[in-house]
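Each in structure tokens, the structures are laid out below.
Each of the two complexes below includes chain A, the first together with chain B, the second together with chain C.
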Partner chain A sequence: MTDANVVSIDSMTVRYGRNVAVDDVSLDVPRGTVYALLGRNGAGKSSLVRCLVGQQKPAHGRAILFGEDVWTRRAQLMERVGIVPEEADAPPEMTVHELSKFCGEIYSRWDHNAVRDRLSRFAIKPDARFGTLSKGQKKQVMLAMALAVSPELLVLDDPTLGLDVVARKSLFDEVISDLADRGTTTVITTHDLAGVEALADRVAILKDGRLVLDEPMEALKSRFRRIRFPYAAVALAAGNLRTASVTQWGGGTEAIVSNYDDVVFERFRSAANVTHADVSPMSLEEIFIAVAGEEVRS
Partner chain B sequence: MTRTLSIAAREIRERSFVFAAAGIMAVIPFASALLPYARTTGRTQIISVGGLIVSIGFTFALALVLGGSFVGRELAERRLSFYFSKPVSSSAIWFGKLAGALMTIAACFAIIFVPSFVAARRFWTPNWSSSPASFIVAIVATAVCLFLLAHVGSTMVRSRSPRVALDLLLLCVTVGAIWLILRPLFASLAMQLASDLAWSIGTAIFVAIVSAGWWQLARGRTDIQRSHAELSRFLWASVGAVVTAAALIVAWVFSAGPQDIDIKVAYQNPRGDWAIVRGPAHHRGDYEGIFLVNLTNGKAKRLEEGRFRGGMFTRRGDAAVSIAPFDLDKALVGRVQYVEGELYVERLDAPGSRSATGIRIQSIYATVAVSDDLGRVAIVERGLLSVHDLSRKALLGSVRLPENVYEMFFASPDVVRVYSFDKREVNRPPVGTRAYEFDIRTRRLQRTGEVQPLAVPITVSADGTTALLRSKGTLVVADARTLAQRFAIAVKPRNALFLGNGGIAVLDLSNDNASVRIFDAQGAPVRDIALGPATFGGIREIVANKKLLAAVQRGGRYLDDENPRGWSLYVIDLEKGVVERQERDLALRSQFRSLSDPRQADLAPVTQFVVADASGKFWRWNALTGERKKVFG
Partner chain C sequence: MFDINASDAAPIWQQIENGMRRMIALGALNPGDAVPSVRDLARTLRVNPNTVARAYQRLTDRGVFSVRRGDGTYVADQPVQPKKAERNEKLRDAAMQYAGVAISLGASEQDAIAELENSFGRMVKESRRKS
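Up next is the complex of A and B:
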């Protein structure tokens, strides 16, 4: 880990009885990065996030925030971290105002005005009881609270879960706005891949508890391509092109290549005498499905 | 601290609705007092009793509900992350939540209880056995215990972990271990020490539970499985340490040897070579050690079962007899005096021979006599005389006695003689004394004599033929079998015994002055030896040939008065009629208990006695030389 990394996870394993939820995962989140941690349900994202913020002790390994072990220094480190949990955990009988007031007593720095402004933008009344709010409003309140400490690290654990399109957009807009203002390091787990695609600098994918991918968004998107050969069955392996999936249909072939390079592909096409080939970039969602979802396809 | 208080305040606000509920409950006693039947019962009484019942019921129920939910439910519902995602320590979370919940419970109790207490104060005050403050503290303390137990139970159950089975097992082991630790203290009648230890264990476990809650949150945080695991680990480790410490304390208590006790009571056997001593052990509360001590070599052995009925020697002092509860657990949960006991007999000339006779005795206060050959034992309880063979552990015969037994002995190996009270009316003093003989061979009970009015046998000659009776303030010399008077001596006897030459020695305490009066075998006076002012005392034993030991007390009333001050010991030369030796402020602790056998011992004279001096120290005192030696060693 270097000082440039806000988050470092070192060989972390999380077990529940005999089940391994997170299996020997190591990763770093550089300062100012928006880090998207993706994975299917049960991939181990929430377990990893709970360990990341010191709420759970891993069976092995450790999480480092700002250079300090989060398990032993959680209380101090949480001054610098804003968290939006997967399930809104604020007491349901508290009003939004009481919640803000309580947090103001807990945190050494707390921006009541920022909370008020954001709640106003979200059209949430301060005297509304937390338990009476809609799911989207609860997430918005939690986000307002998380941002009120001007966090150096923002952890969003599936913040858009169960939200409608409008609420999702509103929430992401707020995050983007904050990022634009302060460049907060952000770790986000989500199933809303389209939403996070525009946000994330770096992407990691957990699959069955193991980290199968961890790289910058641009690099990821540049190396994944969908290639269609409409008239021929083509063996891409001969061209040093690694395929994430290959589908034969009619007389043609569709392949998803995970190490696409223009030069290499042109060399392959010449060598294989392939005249017709459609190469198209892939969205994050398509890449995710290719990497994490092949058992569904099979 | 600020964060702890903030959390406590938030917890209280979260449950503020229970205050409204408590307010409604507070009205119930007053509303009940308005019902029609209240006129006959008394409105004040209804308000006070109602307030008590409602406040206690609501408080205890609230304690259980809050204890079961304040951490356990939030863990199960994954809401505890609300606190853990904030810059607050685990200590602040635990103690803040704990303080909030406890203050809520206390406030609800006050909301319900105080109005009824104030309104019915006049009824309460005279009916309380303890102060209101201690009463309130007891209720709140109970509520806190219920709260913590509910918390522990809730965490364990809500985790749905197989570890619960281990918790239950350890709970059973703990309860069993505590019982096994306290049991010997109760068995030794060290009730205060047992009580103090039980309170200490309880307090330590209370602290352990509170600390375990903190440890649970500090180490388990939002993971309910781990939370349960950490709670169990800390709790059972702490409880294990507490139980181990308690066990070590009890082991230390029972490690007290004879040298560690302040002898309070000593029973010396008639032969003078053994004593049963007992007394409080140093720094061990009310625990009293009881030992069988060989006065010849100072060696001692513990005699715990003697606590239930002292220790007793047979007439010749050749065996120690004790009764221990047959079922100790039953004894401890029931009333000790109504518990079955088992008779133990130890032959003093065969060390280590102590054996359970297998004879069960319904009451530890049964009357017991052992034959001179130590082969048989006679027991009277609840009016039933039974005779057992000790070697065969067999019942030889039994018979129901018509009256209450006073004393008895084996007149021969096959005949038990019983002196009983003739009680004509229930709950009236006895009006006469009767003698019976039970022949074991024929299993017949025969009345052999009667004397009216009541004549208390002072002693019976060693051969069992002649008895000295105290009757109507005079000394009567009678046939021991028929109680037929042979002659009377006009003396007011406090105590008397037969001398070796057939004469009789009497301690007379008339006019608060003690004198030993000697009579010949026909009752003719021989000489009087004045001892000085005294209000109590006794002739203890023949010290040596033609010498007598008398113990008298000025101002005392009981032979076993613990204070040696005021006691004087006199060694009297019977032939010369003089006091050969006088020891002031020295009390005899040799009481020569010999079960219920009234016969004198036909033994060699005893010269060595266990005594206590004015400072409370015990000595082996030589009556002929005045030399004092330590009791032990």
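Up next is the complex of A and C:
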């Protein structure tokens, strides 16, 4: 729990009755990192994020922000966090300007000018009532508000959900600018894997409440490969290739390998006596499906 | 500018580094030209600014870019070309990969070489058009 980590989740478990939503998860988010928290619906992302920002108390374990317990120091710590919630929510009859003024009275550091500049880049008029805005505009307002405190941590909970490509781009543009200007540590949950692929430094995948993967994006992408063989039977156990899945089709075999590197593969090739193989890299989406997508196997 | 393919086997910082070297080699960027700021390139390519910064740092360390303090990043006056041995090794690696694809598709050597010549011509023409 050094100062190098903005967030530490320490063996956290969240339960709803008998249902375990988050199952003994520990993770760290180092300062300056863009951390993508991925998982299918119901994997436990939202519960984890709610505990992370002090909106919920875990059954076991804790969330630590800037070295302090979130649950006991919530009011002080949230001054340093910007949140774009999954559902953009504010009183519908309030204008955007009134909203900014209202929030500015709650937070000790609130940059009204920054809010005004961002809203004008988003082409949102200050006198527009929140209730009349589109879904994309509401998210843009939320982002402008989240960044108004010059946060040390930005939490984006499915920020592009339901947004069209243009709104998505303008939101990402603003997040990228903030990263370039301030290097803000960012935690993002999303289903937009293509959008986050070039943005995240680190990826974590939750499955059924458990953390099944947590590592740098570059390492993840360099170890996963799809390999196609024109043979019905391949001695994949030869060498030390680890497979996430193996499928047979026609006279061929397709394997998704989770510990690929050139040396391991060459060793496997000679051990298994394989002359033909087509090795291709995988997108984050393909890796995600291989890791988190398999349906329940009985 | 060049495109980034997030699902390419090469890491994104390397694609940026190669893209910049390619633009210089093809004359789309000349010695003394200003290169886009990290912020702008990150927004254009929609990648993490740290990744762009890493590519720029490598290009600066290798003498391809030069940084004028408080005044941005430029293509160095005499950008250093990779050493011949290093270049040949890279060419050989890429050629092996291409030959592998051609063989697995059942293409003849002549067809493969013709396609390579075409691509070379297209690249050069495209860069002239852009610059």
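By definition in this document, the second predicted complex is superposed on the first by the 293 of 298 C-alpha atoms of A that agree within 3 Å, B and C clash if a C-alpha of one lies under 4 Å from a C-alpha of the other, contacts with A are read in each partner's own complex, and residues count from 1 in each chain.
Here is the rule we use: a contact is a pair of C-beta atoms (placed from the backbone, for glycine too) under 8 Å apart; a residue touches a chain by one contact, two chains touch by 3 or more.
All values reported here derive from a predicted model rather than from experimental measurement.
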**Request:** Pick one for A:Q76: touches chain B only (first), chain C only (second), both, or neither.
**Result:** first
**Touched partner set for A:V53, first chain B, second chain C, both or neither** = first
**Prompt:** Looking at the overlay, does A:D117 come into contact with chain B only (first), chain C only (second), both, or neither?
**Reply:** neither
**Prompt:** In the superposed arrangement, does A:E215 touch chain B (first), chain C (second), both or neither?
**Reply:** neither
**Message:** For A:E68 in the superposed arrangement: first (chain B), second (chain C), both or neither?
**Reply:** neither
**Message:** Just checking: does A:D262 make contact with chain B only, chain C only, both, or neither of them? Give me first, second, both or neither.
**Reply:** neither
**Prompt:** Just chain B (first), just chain C (second), both, or neither: which does A:A194 touch?
**Reply:** second
**chain A residues touching chain B - in the complex, by the definition given at the top** = 16-17, 50, 53-57, 74-79, 81, 83, 85, 87, 89-91, 93-94, 98, 102-103, 105-108
**Complete:** So, in the complex, the side of chain B touching chain A is made of residues 2-3, 6, 10, 13-14, 78-82, 84-90, 92, 219, 221-223, 225-226
**Item:** Residues on chain C engaged by chain A in the complex (per definition of touch)
**Value:** 4, 6-9, 11-12, 38-39, 42-43, 45-51, 104
**Request:** Enumerate the contact residues on chain A facing chain C in the complex.
**Result:** 32, 34, 169, 172-173, 176-177, 179-181, 183, 194-195, 197-201, 218, 221-222, 276, 278, 281-284, 286
